[in-house]
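Labels A, B and C are assigned to the chains in the order they are written; within every chain, residues are numbered from 1.
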Amino acid sequence: MGKLIDEQGKRTDGRGPYDLRPYKLEVGMLKNADGSAYIEMGKNKIVAAVYGPKEVHPRHLVLPDRMLVKCRYHMSPFSVEERKTPAPSRREIEISKVIREALEASILVDEFPRTALDVFVEVLESDGGSRGASITAASLALANAGIPMKDMVAACAVGKVDGQLVLDLNDVEDKEGEVDMPVAYMPNLDEITLLQMDGKLTVEEFKAALNLALKGCIQLYEAQKKALYDHYFNSPKE
Amino acid sequence: MSISRKNFVVERLRKEKLMELLAKGQRLDGRGLRDYRPLSISTQMVSKAEGSAQVYLGNTAVIAGVKTSLDRPYRDTPDRGNLIVNAEFLPLASPYIELGPPNENAIELARVVDRGIRESGMVDMSKLVVKAGETVYSIFVDINVLNIDGNLLDASSYAAVAALVTAKLPEYVLSDGGTPARTGNTIQLPITTIPVSITAAKIGEYALYDPTEEEEAVMDTRLTMAFTEDGICALQKGGSGGWSPAEVMKLVEESFEKAKEIREQIRRGLGLGGQGETDQGTGS
Amino acid sequence: MRGKKYAVPGDLIAEGKSLAPGANAYKLGNGVYSMAVGIVEIAGNRAGVVPLEGKYVPRQDDIVVGIVIDYNAIAWTVDINSIFYGSIFVRDLVRRGSREKLAISNVLNVGDVVAAKILSFSVNRDPLLSLRGPGLGRITEGEIIRISPRSVPRLLDRRERLYKLIEDATGCKLIIGMNGLIVVSGTPDGVLLAAKALKLVESEPRYDALVKAVRNALNVGEGKVGEADR
């Protein structure tokens, strides 16, 4: 295993420790879905789509006082180096759950009792930090669908490589680094809606890592807003 | 597909009483906000399993079993043993469980307990190799939830940890012919540290440790933290709401201290010596 | 904050202790924040957002255009391009006593297009529709153009009455459903032109720019509404 940070402090992809990867956000490109968005984050390429609010099927799942949110995070078989079987893995099942919970915190579910909302996320290419990028895109898709939300949710991951805290892990850093900590955040309400971590951090390191993650989330939050403004209000047709 | 869960209904009057008590720093069962329920651990009750432990945390009951075998190592870790953690909510654990393969809650539980054990380095997997690249020990930890009354994450973690610490497995070495052979000895797993899981539920502005099923039904969100003696090795926020960064940092700080307390309880429960006497090596 | 015209979810749209949140907005501390992508609307002490996206939410007395997709002995099920399907009770159209002699599908069949009124809708029941009233009932000619339900108010806005502008310039008749379904009937060329104008209504959120664009598309000058109006 080679070093992940060189003597100049540059990471395997040339970034400094606190730099996000280059990203691209697009809104509304799928016409059938009620809302959709696309994100590129490093080599991650992820599509998010939202259908709803709509009727609940099967009927017995209906919640009388709120919207039922369903979420599916799925990796395409060709999204990784070695073909992944299309059947949902335990990892995808867990990630579907934490993504749903991260987004549900922003949606006013009580406004649509007895309805369902389907959120689909498909990872077309995976490059570390895909669950964070998925949340960032899914939140845009929700806005595109007109689902009332308290705030946008933006997410990214921090880690530790060669003893140094870094922002926005790429694939190599995710696999070979010492810590992986994805965080999703709603800046207006100052609420963390996704927080996971594995690795080893002292309590003080954890606080520094969390602050670093929030900085990354806020950057992506601004990018989300810009993407919405560009799509809806700054039309080049004028 | 992950689907919002329908919680069992907590009656309004009880919910109001709960909130009233919280404002006074109390809970429905008389505990303080930072108190854990009585914890009891018994081990080695399943003779056919290499390790087993039953944990009662209040009324929550979990049993974990450890089975070992010889296997090929995983491709990306040819010089380490394999650790596999599974969990099931048995249908007998609650009237609301539906029969079927493990759902997202059971899968999340298994993966979070796994992380706490794996990332802490609790079991020195490098000492579980018989022939590098070919034959290693596989350690299977299977968690069965027997009765659900909240905080399954901590209870399952304590059971898994206890089962691993007290497991006794047959020793294998490479024979002259190059094949694995039993020596006839039993060994214990090489344990380096005891990871401790602490779970807090958020209800309104209050954070409570070790929530009951009722408290989980009304909570906004939850945070499970796994601690080693030096720091944190795993985190999992669960449920739909959110924590503020300030709340999280304060909680992690406090829980690191709480974990020391629980660790002592677990060590005493397992008959382990004072601090520092965790290294059991592969001899016995 | 002054003069902020547009908002996306989480944007601060107004600040002030006495401010109250209007539609699609909420108050946090002294600030009113947007819950949707849309146009900021401040009236008196209420700050809200007119959303640009979102499904049609049925309101009592709204006229909607729907498509019959199913029926049984009690009611027809109508797709009204909303969160829930609507229902028309059979007894709404068929007199008591005559039911046995008449096949339900002879009155309204799957695939029929109707203009209906929302009788009621609440959290506990799906929208109930009625075909009794002037201009309501089965629609026998025309083409359905779909626009986002959020754009319909722009079409009906009394300032320029864009719907009338389109009718007069194209010679078509428009049946406008609040749910975004519009039945356009007229000559093939007229319908094509009307469809083009309607799509503009959907895509341009700024009213003044929209009016200009529609007039342009219909080749109608400023101030003139069309000969037929005289």
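What we mean here is this: a residue touches a chain if its C-beta (ideal position, glycine included) is under 8 Å from a C-beta of that chain, and two chains touch if they have at least 3 such contacts.
Source: prediction; values computed, not measured.
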Third chains touching both chain C and chain A: none
Among all chain pairs, the one with the most C-beta contacts: A-B
Most widely separated chain from chain C, with each centre as the mean of CA atoms: B
Identity of the most central chain, Cα criterion: A
Mean-CA-position distance for chain C and chain A (Å): 34
Gap in Å, rounded to a whole number, between the CA centres of chain B and chain A: 27
Centre-of-Cα separation between chain C and chain B, whole angstrom: 55
Multi-chain contact residues (two or more partners), chain A: 186, 189
In the complex with chain B, residue positions of chain A that touch it: 61, 63, 66-73, 90-91, 93-94, 96-101, 104-105, 109, 181, 186, 189-203, 205-207, 210-211, 214
Touching residues on chain C, where the partner in the complex is chain A: 6, 8-11, 24, 26, 28, 33, 35-37, 51-55, 83-85, 123, 150, 205, 209
Complex interface listing, chain B residues touching chain A: 1-4, 6, 104-105, 107-108, 110-111, 115, 118-120, 221, 223, 228, 230-245, 248-249, 252-253, 256
Sites on chain A touched by chain C in the complex: 34-35, 52-55, 106, 108, 112-115, 143-152, 186-189, 221, 225, 228-229, 232-233, 238
